[in-house]
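Paired with chain B in one complex and with chain C in the other, chain A is shared by the two complexes that follow.
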Partner chain A sequence: MTKALKQLQYQVFLLPILLVYTLFTIYPLLRSFVLSFTDFNGYNKDYNFTGLKNYMKLFADDAIVSGISFTLLFALLSTLIITVLAIPLALILDQNFLTKNIHRAIFFFPSIPSGLLLAFIWGFILSPVSSGVLNTVLRELFGVGPQPWLSDPLLAKLSTIVVATWASAGWHAVLYLAFLQAIPKDYYEAASIDGANRPQLIRYITLPLLAPAMTVSVMLLLTGGLKVFEVPFALTKGGPGFETHTITQVIVLRGITETQYGLASAISIVFFLIVLAIAYFQVTLMQKREERIQ
Partner chain B sequence: MKKRAYLLTCMLLIALLLAACSNAGGSEQGNGGDGQAEQNVKISLLSWNNETEMKPVLDGFKKKYPHITIDFQSAPPVKDYIAKLQTMLLSESATDIFIIAAENRNEIIDGGHALDLTDQPFMDTMIESNKPMLSKNGKTYAFTQTGWVGGWYYNKDLFAKAGIEKLPETWDEFVAMCLKLKEAGITPLYDNMQDLTSMHSVLYGNMTLASDPSFDDKIFAGEKTFSDGWTEVFKLWKKDLIDGGILTPDMIGLTGDQIESEFTLGNVAMFFGGPWNISKLEATEGLNFGMMTVPGPNPGENYYVGAPGVGFAVNSASRHQEEALQFIEYLSTEEGLQLFYEGTGALITASNFEAKVHPALQTAFDEGLMAGKVYLPMVAWPRHQEALRNQFVISTQDMAVGKITPEEAAAAIDKKFEEMENK
Partner chain C sequence: MTGGTRRNWLLDLLLLPVGLLTFFPFYLVIVNTFKSAQETSSRPMSLPNTWDFSNYGNVFEETPIVRSFGNSLVITVCSVLLMVMIGAMAAYPVVFNPGRMNRLVMLYLLMGFMIPFQTTLIPLFQLMTDLNLVDRLYGLIALYAGGAVFVFFLMLGYMKTIPKELSEAAIIDGCSVWGIFWRIIFPLLKPITVTSIIFQTMWIWNDFLAPMLFLGSNRNTTLVLEIYKAKGEFSVNWPMFMTMTVITLIPIFVFFLLMQKQIVKGIVGGAVKG
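Moving on to the complex of A and B:
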């Protein structure tokens, strides 16, 4: 009995965070689920239940289809590029050289200011007119004419991915760096005595022991990439046309701009399920990989 | 000891819960002040002009009515303001006075959130052409003392450099003028196509509305379609400006600020703007500018872009309606209008006020705004303004990058309209 009471006492400490989490995450999610079956317009509290109508509309909508495809492209490509860049970067930053700390700070810096602010600055750099910073540099150095960085469908997609990569690669490198420093030096010494060279050390010791870091980093990148809003929005406002609309932007567009909260809630629910499925699949897969290579 | 800690935690939780409940109860009456003494009332106001702009008129009101304090709040136009007011209305915590814009008028009026102001004495100073935007079924729900008109600012020195001596009077002359600027190595025009383009609006005025002023009503009554009224506009725009290389798709990536800067730097000869650009243009040394409209193919029927200003409305759930009405009444007095002008620099259209207009805007003000030759789709459309505006932007950008034809662009708007009607 006293043991149960003691247990209860600790449970009480969980209450505040449980309340906050329920209020700001669980409740809105359940509410969205209910609203996704209604014709709620955001102003009038008298709404009607419309059954599955919103869900039927969902896949016939150009903006949603376009939003899903760009978001998937963005999430997958940015995850891939950032991971490929962050691991070598972490290996370099792990070396002992004079300006090591300054270099770490420089690469970490882009993840400190808000994404929106960075994207607005990049907007000036990538400005499509001839006075844009990048276009000026290209003209002065190589005599290349102005390029439509943010207004050509393909270039606009690539530009947003490049900016997102620039902003996050340093942060993820620091994450890998933390895991790198936790690898015991004995392994390297033992391997060196056995005659392993540098590439072999990386291939057979560093990379396998970085697997847990990779699981975390890739999961953060994938879920963050799927939920992305600010960088594409600030750079292109979703244009040209629907080309760089993300799912989150479509939810705002259908919900707030067009006062179709029911439809926007339905998109949110489907989107939630997609993110859940991808995250679950990725974590299970990568944990299995961790077990296998360790 | 442990028992005491446990008790304390429980008490803290209960206190928190009670505090949350009492807060929810209080917010129901809006931002009500202490109403026990009549001479000491606090009313709240949500505006999209910021505090600096509103300060003169708020100070003037405070001087005249010392017993009324105004709790001033603001959110920048358009989306932020609309979202903030919407949240406030839904949670029954909206301010006593708020503004109604073209973009949210239907939801506010239909939802019964605004008080009917039709018979208030101060409404006499509001000019008739400002009323339709803020009315429904013959009743007016907000008071506006302003209007705005926009056109194309042009750089007189660049025009002279290209040998342009007189402003164009027809569409063909306008296109020829742009090509002449291009030949002289000057970028004629920037248009980022991020909003429903002004060029389309004035062409629609000239090509469609001039011969049938009620065309928009007919679209919304189901007698006409957007394709009927807009396809020719899109075709002309695409043929002469996009295919002619005067507007290029790379302009889509520009922001409004960048376009304004390019104009002040003398890198482009024309851009669309309104009264909000004047202070920056004035502050640029050596910039010699004027404003014109883009003429359409039908001579003598030229339109400007413009609309009534946003209107001040009284929350129908407010506990201090009398004081809120006093504030709006104050806005309509000569003193109130003068102070509002001083703070915001807005174009005052109230009938009891001699408006001060910047010389560059004078023609647009006289021939456009006061002559009723202004058009803004969001004001003319009775429903779904934001959804349609957004579809226009998408269609325009898709046309500019060559993804769709003018016919397909207009059809996409009709499709969106149908979807919104049946949502």
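Moving on to the complex of A and C:
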């Protein structure tokens, strides 16, 4: 068998992935880029290049501006809150206690079902009418009147973040837990012999050694947060107004529903650049941080 | 770190309210499946007056939940199998036939990690329409197969740990490139295949955006899409909706119980390599 033939036999294995990946990911990405400079509307086969016009329009469009700002707020705030909760939760779950396994399962389970379904369940709890579950609790315990959890701009935003936190904190705690369990016990023993107390052990051994876990967890949370769609969509349908529209929902609205393909493509390209920039800065910064504290 | 028994009891007590609160939404869903719509709205949190199972029968009668379940199953099984095969195959030449070209191919594929589905959505919608793949289960399966890049990445890391001598020895024994992969390499990939299957299954089973855009008709809904439609139809009948939710959650819960250890292992493996 000649060498060239053998090479070819190997390369054949690449064909299927190159085909589906190029067709369903790379080609649409490039086409998004091209369409973003046109006035294509899906019906007219011929369309004109309009330069940066779509990109100019973005900032005058209420839905788009609020989609971008809510998505950024959601990604940053949910990342922050989940991280702040997941690390202590992991520290607790790392201890030995009777109900450890059942608690781990309870916190972990909400990350398994679809976000859409979970958000619908929460819609029942947060229902703004006075018979809503949370409003009933507030009335009976504190005598507080019904709160518009999903129809007030600020409360609606916070509600989506609370639901996302509930759904993901356990998953990230499990990720931190895995890193915690990989820390050699000798470190703690050596430090204890040198007279370190418990808070000092956590401050000077545990947290620095969790830095790599944090880089991964924060990256997953940020990129996932930027792509958020289902939870706000199921809770508030994006309302009130455009307050809890995510970028994804705006792309679907302007692109698929209203067939403004050019404009929607421009949003997607801006979104792509935001994701790239945030992922790049986050990973670079946090890897530098890992080097600094270890 | 070890603490005394007394301290550990404190942890149980400390976590109890947090755990109850976390579980509370699931409790609500379950108890309300046994109530009438009226009882649900007047006493949402209490146990039902009488345990009425009729909502369960009604869901099976009034909604195509069995067919949706079947559709979800077909879509998930087919696309996960495709992704695992395509992803594992792609890693093979990159690891066992390295060279400048395959380095470029690898970078080209890994770029996929940085491209959000949303960015490709508009042209994808057109493409699916042009290829006549909209409202076809196989259309969605083909689309998901493009997600094999994640599997490729997992396989790549794992395959690098397989000793090259294995394939060299097989070549000397007269085994073909094709035969080496299917008879020697692929069976060795079992652990990472399990991880890939779990993660891709969770993604596809739970996906909403792609089915919402690319499956429209009543015949071709997935379970998640069915839930979405039901939320509109039963907007006043929460017990029916809750019952549907519980029926949907049961297989997911079984999956969770069976796979919990594997999922955790996968998170760890993926995180350490990532």
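Criterion: the second predicted complex is superposed on the first by the 265 of 294 C-alpha atoms of A that agree within 3 Å, B and C clash if a C-alpha of one lies under 4 Å from a C-alpha of the other, contacts with A are read in each partner's own complex, and residues count from 1 in each chain.
One rule holds for everything that comes next: a residue touches a chain if its C-beta (ideal position, glycine included) is under 8 Å from a C-beta of that chain, and two chains touch if they have at least 3 such contacts.
Every value quoted in this text rests on a predicted model; they were computed, and no experiment measured them.
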item: Chain C versus chain B on the shared chain A, clash or fit after superposition; value: clash
item: Chain B versus chain C as contact partner of A:131, first or second or both or neither; value: both
item: A:286 touches, of chain B and chain C: first, second, both or neither?; value: neither
item: First, second, both or neither for A:209, with chain B first and chain C second; value: neither
item: Which superposed partner A:68 touches (first chain B, second chain C, both, neither); value: neither
item: Touched partner set for A:231, first chain B, second chain C, both or neither; value: neither
item: First, second, both or neither for A:256, with chain B first and chain C second; value: both
item: Partner chain in contact with A:9 - chain B first, chain C second, else both or neither; value: both
item: Partner chain in contact with A:42 - chain B first, chain C second, else both or neither; value: both
item: Partner chain in contact with A:239 - chain B first, chain C second, else both or neither; value: first
item: Superposition-derived comparison: chain B or chain C, residues of chain A touched; value: C
item: Those residues of chain A which chain B touches in one complex and chain C touches in the other; value: 9, 42, 124, 131, 256
item: Contact footprint of chain C on chain A as seen in their complex; value: 6-7, 9-11, 13-14, 16-18, 20-21, 23-29, 31-32, 35, 42, 92, 94-99, 102-103, 105-110, 112-118, 120-122, 124-125, 131, 133, 136-137, 166, 170-171, 174-175, 178-179, 188, 198, 201, 213, 216-217, 219, 226-227, 229-230, 234, 247-248, 251-252, 255-256, 261, 264-265, 268-269, 271-272, 275-276, 279
item: Chain B - residues contacting chain A, complex; value: 2, 6, 9-10, 13, 79, 82-83, 86, 89-90, 107-108, 110-111, 190, 193-194, 249-255, 258, 262, 265, 267, 384, 386-387, 390, 393-394, 397-398, 400-401, 403, 420, 423
item: Residues of chain C touching chain A in the complex; value: 1-3, 8-9, 11-12, 14-16, 19, 22-23, 25-26, 28-29, 32, 41-42, 44-45, 85-87, 89-90, 92-94, 96-97, 102, 105, 109, 111-112, 114-127, 142-143, 145-146, 148-149, 152, 176-178, 181, 202, 205-209, 213, 224, 227-228, 231, 238, 241-242, 245, 248-249, 252-253, 255-256, 260, 263-264, 267-268, 271, 274
item: Residues of chain A defined as touching chain B within the complex; value: 9, 12, 15, 39, 41-45, 63, 123-124, 126-129, 131, 146-153, 156, 236-237, 239-242, 253, 256-260, 263
